[in-house]
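Order as written gives the chain letters A, B, C, D and E; numbering starts at 1 within each chain.
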Amino acid sequence: METHLRSLRLFGQNLQAFFSQLKKHPSAWLGGIVILLYVAMAIIAPLLAPHSPIGTDLQLRLIPPFWQDGGTWSHFFGTDVLGMDLLSRIIYGARISLLIGFLAVGISVLIGVVLGMLAGYFRGFFDEIISRFAELLMAFPFLIFAIGIMAVLGPGFGNLLLALTFKGWVEFFRLVRGEMMVEKTKEYVEAATALGVSHLRIIISEILPNVVHSILVLGTLRLGYMIIMEASLSFLGLGIQPPTPAWGSMISAGRDYMMTAWWISTIPGIALLILVLSINLFGEGLRDVSDPRLKRG
Amino acid sequence: GTKAASVEKPAATTLNGQNVDPNATITVGLSASVLTLDPANHRDRNTETVIRNMFDGLVTRTVDGKIVPEIAESWKLNSPTVWEFKIRKGITFHDGSPLTADDVQFTFERILKEGALGNNLSSPRKGLLGPVTSVVKVDDFTVQFNLSSPWPIMEQMLPHQQIVPKAYVEKVGSEEFAKKPIGAGPFKFVEGKLDERIVMERYDKYYGGSPDLKPVGLAQAKTVIFEVIPETSTRLASLMSGQIQISQKVPADMIDKVKADNNLLIKSAEGTTVTMFQMNLKQKPFDNVKVRQAMNYAVNIQQIVDTALGGNAVRLAGPVLATSFAVNKDLKPYPYDTAKAKQLLSEAGYPNGFALVIDTEADLKTIAEAAAADLQKVGINATVRIWDWGVLKPLLLKGERSMALTTFGNSTQDPSDFLEPTLKAGGGGNYSHYANPEAATLIDQAKISLVESERKDLYVKAQAIIYNEAPWVFGYAMKQTEASSKKIVNWESSMDSRINLHDVGILAK
Amino acid sequence: MTIAPLVELRAIKKHYVINKSFLEKVAGAKKQIIKAVDGVDLQIFNGEILGLVGESGCGKSTLGRTILQLHRATAGEIYFEGKCINHLKGHDLRKFRQDAQIIFQNPYSSLNPRKSVRQILSLALRSRGLKDSLEQEREIRHLLSSVGLAERQIDNYPHQFSGGQRQRIGIARALAMKPRFIVADEPVSALDVSVQAQIINLLEELQQEYKLTYLFVAHDLSVIHYISDRVAVMYLGKVVEIAKTEELFNNPRHPYTQALISAIPSVDKERRKNRIILEGTVPTPLNPPSGCAFHTRCFLKLGQICETKTPELIYDSMGNGVACHYVKA
Amino acid sequence: MRAVKIVERVLATIPIMIGVAILVFLFMRFTPGDPVDLMMGKDGNVSAQEVATLRAQFNLDEPIYVQLFDYLHKASQGDLGLSFKKNRPVIELVKEALPATVELSLVAVVISLFIAIPIGVYSAVKQNSLIDRASMGISFLGVSMPAFWLGIVLILIFSVKLGISPAQGRIDYGVGLDKVTGFYLLDSILTGNFQAFKSTLSHLLLPAITLGATLAAIVTRVVRSSMLEVLRQDYIVMARAKGMSEFKVVVKHALRNALIPTVTVVGLEIGVLLGGNMIVETVFGWPGLGRIAVEAIFNRDYPLVQGVVMFYAIVFVMANLIVDILYTYINPKISI
Amino acid sequence: MLQVKDLTMVYETDRGKVKAVNGVNFSIGHGEVLGLVGESGCGKSATLLTLLGLVPYPGKITSGEILFNGEDLRKKSPTEMRNIRGKDIAMIFQDPMTALNPVFKVGEQIRETLRIHGLMQEQKGSWWSRRKKQNHNERERVMELMKEVGIPSPDERFFEYPHQFSGGMQQRVVIAIALACSAQLLLADEPTTALDVTIQAQILELLNKINRERETAIIMVTHNLGMAAEFCQKIAVMYAGEIVEQGPTDAVLENPKHPYTQGLLQSIPRISERKQRIEPIPGSVPDLATLDETCAFYPRCGKRTKACLLKKYNLEDLGEGHSAKCALYS
């Protein structure tokens, strides 16, 4: 128990050190803060949103944002074709978009890391099989897969996740497998072997902490990618289905109105852009911090 | 070789009192790719739109849906199941060969016979010929259609079939024919990739086309191009930037924007596609007529038509198109009346409403959402689910879904090929699984009667029954909206969405 | 020799196989074998420090690792206290690992960068069976002080230490198992002169304190001279000479050893004598020369026999061995 | 040995292609939704008999494994079947569309590299300068924007507002390009048709920029960071110590090394780029594989989807093969 | 020939100013070999690079003169400096593995130096024939150089890549590059540290030969005192960016004055009849960013006194060119 507490404390210190390093990276810090704000926004959406995110009112359709002629303060960012309040939808949309991103990346990481660790450590037949399969999946453009799955299984949250993770794990697998093979040859692993530590323990408690950073970095970068993918699938009519507010489908639903009501597509687009931008900034910062060779000065 | 043969027209000709450029090129933006250039090998409106500029049919339609002769000079009914068509003389195909009864017979046999397209392929257009069993040549310029039963909409269905040259098709085979099609239409094929662009040029030995569609004569423009631009905003951007002069399918919300552009015009026509909510009578709660009526009171179709569709649709009181000869003019649309709806729901035993999923396709998403919002107001917890049509249709036919917002086309504007599939038991579009024996009898009778007034009476009665039983939330017919550059002369949007460029010109500079 | 050796190697071989792809095999490429260690007989006695020198890639580390069962030998037997340990598994293997430990050359990669000193050492203690956290704590502090690190650094991470200090952590880790035998694989090569001296002294003190036996790998001959009781010289996977330190340095018999020793730069004027400069470079173990592997560079080459016949390691009465046709002749 | 390795690498693509074929096949067959229904259009009267005829026509009434073997057998002979919806051989459809896609992708790659590499190098050399920060900022934007959105915005600006660039299509009609290879840029150069070249290029630019934006952004970053890495190396100091000018040090000694990781990344990103094709082609009405793929998937046009995906996979595998081979030339340490 | 006066180079980092080279003075004449010894991080490499005008980012020379044949290199323009680099002053790096560019053929890398300094330029003929001739001449010269540094069959090895060479051969290539333009001064930064013992001997022998035959002056950085002893005529001992003691080799090694030099000598194991115990210097090299103005060795010094903290001491001449920087001798 006590050791657990201590390791927790150590982990905390580690994290603290890490964040204090991150602080020196202003853009990453900014990115991190924006992400947190988005997450907060998603969590307390019901408190923030001035209207229902799915309340249609055809009388109020296509109201421009407040700063344009015909805009009103009560519909800050205007309304869409069905008269739904854009601001409220954007706020609620953060929930779906973030959830999709985190879950899709989370599941991909889980699968990719477990397989990658085992394959990279033990090599052999298992590695051969999984690597071949991964190679096979690599030969498919991501989107074809996603479109295929969505078209096949029909739109829906679960199916969307399946579509995004079906190939998403491959990258993590390759990353972890590669890192594993590098780490495995390092002397600290040999030292652990010499101490009689079991393979599983070596993998989990010796090597994993050393690859976590790379996973984290790739994970954050992929987070943005997944969110964009959801939007792209929405563009093809295969994303999250309305009236559920998701940015991707909002952007794509508004695209036909780009010339008449630019805000329907553009404002969620900007919300998405800012989020993905922040995620990428944060990810890049993580990379800099975790890769000492790239440190400045 | 084609250029040398063409006779140069004078610098400008007049059309509708305006000078048009005889050497002009008209470019049309299509909303979907063309599937084939063989008139017998598709089942696609868009493909037909393009093909009909190269091929003529026995008859054709005016923009408001009237049947007028084209290749056929005249026709008559020899008996209720035998039609006889006289073919105009002096018509040539683009290769110069004359068009005769042989070509007509060949054209229809290609569609009717199994495997006639070569490679074991049969024409998917057979269904459009209803009870026609054979087409026989009487003499070089007369053909006879034999039917298995009377078919009053024969004339209305014939524009969907275009005449192909027998000798040429037999010589090169169907596959090659689709690559280098030859027809008897106002334009001849120049080059084309189906997913990209199809180019045609004026056929200089054209017989002039239907005498009822003025002006008769050669095509006004020298070249016409169909560009495939599926993405709506891109298509309109191309129109605005002058890359194309005519754009298919302008969404309702874009209409004002187009109107505001000084160089563009909106053209619209009554449409022939009906949009409606079909309720599944096999399932609760729609097995109760009161619920169905309540739905009709609860959904504010008029507002949808006025706002979401920007007025570009015609509300229908019952199932039949307002432009149909057989429409029951006595029926008035269910008014928007939430109180009445709630009352009916209570009477039916649903005072607190129920949960409902409206199934539909991506194109109709907005409408379904608007309706769902209306239903929420009477306590029905309605949500929308978008499906891929290929997935949804079998489910609907199996009766596994509750309520669907769908469309069904009625290009003939005759109820016979509309009410039968949609509102008779076993119909291919009867997703409400409506089966009223009385209405069915009326529909059956009307189907084979050849006396128009009698048919109308039968349909009016059937409509009244259907109106009261309300298997649908009766919807609207979307108008056909297209946009063109102001330089385009003498072009109107057509009810059946066809774009006939024969008579269309471009203002001379 | 009457005393039984602590470690005894008999004809140990370790070959790495580089697999060729299917098509390359078809195209005639042969399976490549790196003979990293190619038939080594060696005895290490209780309490002694056996120095092991040789050029880079001659198989020193591979030998050390093979002894510790970090990988299995391709051929030959290894005895520890008279017991064959080649095929130990599970519990027995773990038991053996308490007795035999290793210290690495690279103070950077041999410590897990994500683990604090406490975690690194407690891993070792747990492997030894010391699970109680209080005892662990006490033991860790004890270990730290015995390798000359401050106890307050217990929760620091490797990157917070200098190279010499890291090497001390590595030593503490090995000591934590209470081993009797330690393979020190170039423990001071990466260090600065002054720090190197500190570590050498530390290793020496620990040896005396804990009655340790070392296999001490180094390529710096002065260090080897300073620390070893006996020295083995390796060349291309084989031991070519083994002798008591003074004997070896004063009277090297194998031409390779002679060259090595003459090449040592010395501060002292009197030791600067004529150099023997060897021609060429060490051949690769992928394709070692036939016969005596050293014949390609040997200045004493006899002729035919050196190219065809592999000389055996012959011991004299003093227990000093040499593998050279010339010396025998 | 290099030749052997290349042959081996090429042969290794065969099992991948077979795997892809099987996977797509099964994938499509377990799809709900009947292709025949879609084939017949939504309205009109379709009899049960007509449907049955069509099913038989396309072998859809056979058991799946029979269909699969039939498909693989025919595919191995270059026959990918007939498109359900278009009733034409899939090979022909793909052949028509492939050059458009490859041309677009290639131009996108070339444009991105031409923009990204100099910027990346400059940013690294002038680390932390204003230009460095600006280009990094822009490259972040590049990876943060959905392609379709960027495409629409570009159309609105360059086609509608400024009217300087066509919004769709590959070439204007009437420039009279003789098609030799199907790659219009190449064709126009081969036939010396300047007008066609101009027209093709003006059509290509917007979609290529949209498609290449992400790649450009990523390559900029990779080039920058590997340049930073390389510039720290001893051999750079060595080059300077030889008396070499700074420009040459950077361009000759550093860049060549920095390109090694860049090539790897480009290889990996090609998959993403090809995937992006589908979106960009749809937005710009580009008559390529991507648009066909999307349409075909929606239409349940099994043979066409299979064919298109196969070709996507081939293009991807080939691109990677080329990258791998290129890699061996850039990096002498590796022989595949 | 080369005279360095009061040279100071500072890295400006976030942690503060790192004085990597701190008021260094030394000189070297034609054909002389100077050894620069000291532990890792004491500024040996920094000194060499500064001499070449290749101060690594974020370093800056803050004071001092570098007189090369009487001219101050610090006052030269970048172009003039480039002409000196590689031609008059050449450098040999510690790790040949990293000093050769992995993607260029070995011969190319040697030839490059000739090209940069336009050594084999042809005057006659068309551009094309001049070019061809020049290429030919250069290649001949490269082969000669390769032969000279002892690379067997240079005509084949010309076209190989660095990774196909062993470490010793790579170092020979680096030396060939340095010799290409017959530089008067070679800066050798630990040229043998990365190599095996027997190979080390070969390379030292080669450098020795060059020094003898070409009368090339060499500044040799090393942390191996033995090597310095055998190879150099003069030795300068560096600690924390400063030269703490310098003089003729024998004087410095046999009669070390500075406590640091003494410590160093005591901490290396010597091969002698009687095993004498080594005495390590306690502690480790300080962080150069946190140094103050007093003696940097003070915390580790066994002979420290209060006087040490009073002021900064200068190198005091102790006769015969031997000098040390320590409170003991002031």
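Following the convention adopted for this analysis, a contact is a pair of C-beta atoms (placed from the backbone, for glycine too) under 8 Å apart; a residue touches a chain by one contact, two chains touch by 3 or more.
From a predicted model like this one, the values you see are computed outputs, not experimental measurements.
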Path length in steps (a step moves to a chain that is touched) from chain D to chain E: 1
Each chain counted as touching chain C and chain D at once: A, E
Interchain contact steps from chain A to chain C (minimum; 1 if touching): 1
Label of the chain whose CA centroid is most distant from the centroid of chain E: B
Two chains sharing the most contacts, counting C-beta pairs only: B-D
Chain whose Cα mean lies nearest the overall Cα mean: D
Between chain E and chain C, distance of the C-alpha-averaged centres to the nearest whole Å: 32
Chain B and chain C: spacing of chain centres that average the CA atoms, whole Å: 88
Rounded Å distance, chain A centre to chain B centre (Cα mean): 45
CA centroid of chain A to CA centroid of chain D, Å: 24
Sequence positions of chain A contacting 2 or more other chains: 151, 154, 255, 258-259
For chain D, residues that touch 2 or more chains besides their own: 32, 152, 156, 160, 282, 298
Sites on chain D touched by chain E in the complex: 233-235, 237-245, 253, 256-257, 260, 330-333
Interface residues, chain A side, partner chain D - complex: 132, 135-136, 138-144, 147-148, 151-154, 224, 228, 231-232, 235-236, 248, 251-252, 255, 258-259, 265, 269, 272-273, 276-277, 280-281, 284, 293-294, 296
Sites on chain D touched by chain B in the complex: 32-35, 37-47, 50, 53-54, 57, 82, 85-88, 93, 96-97, 100, 152, 155-156, 159-160, 163, 166-170, 173-174, 282-285, 287, 291-292, 295, 298-300
Chain A partner contacts - residues on chain B that touch it in the complex: 232-233, 236-237, 240, 251, 253-254, 256-257, 300, 303-304, 307-308, 362, 365-366, 369-370, 372-373, 383-388, 391
Chain C-facing residues of chain A, complex: 2-3, 7, 10, 13, 186-188, 190-197, 206, 209-210, 212
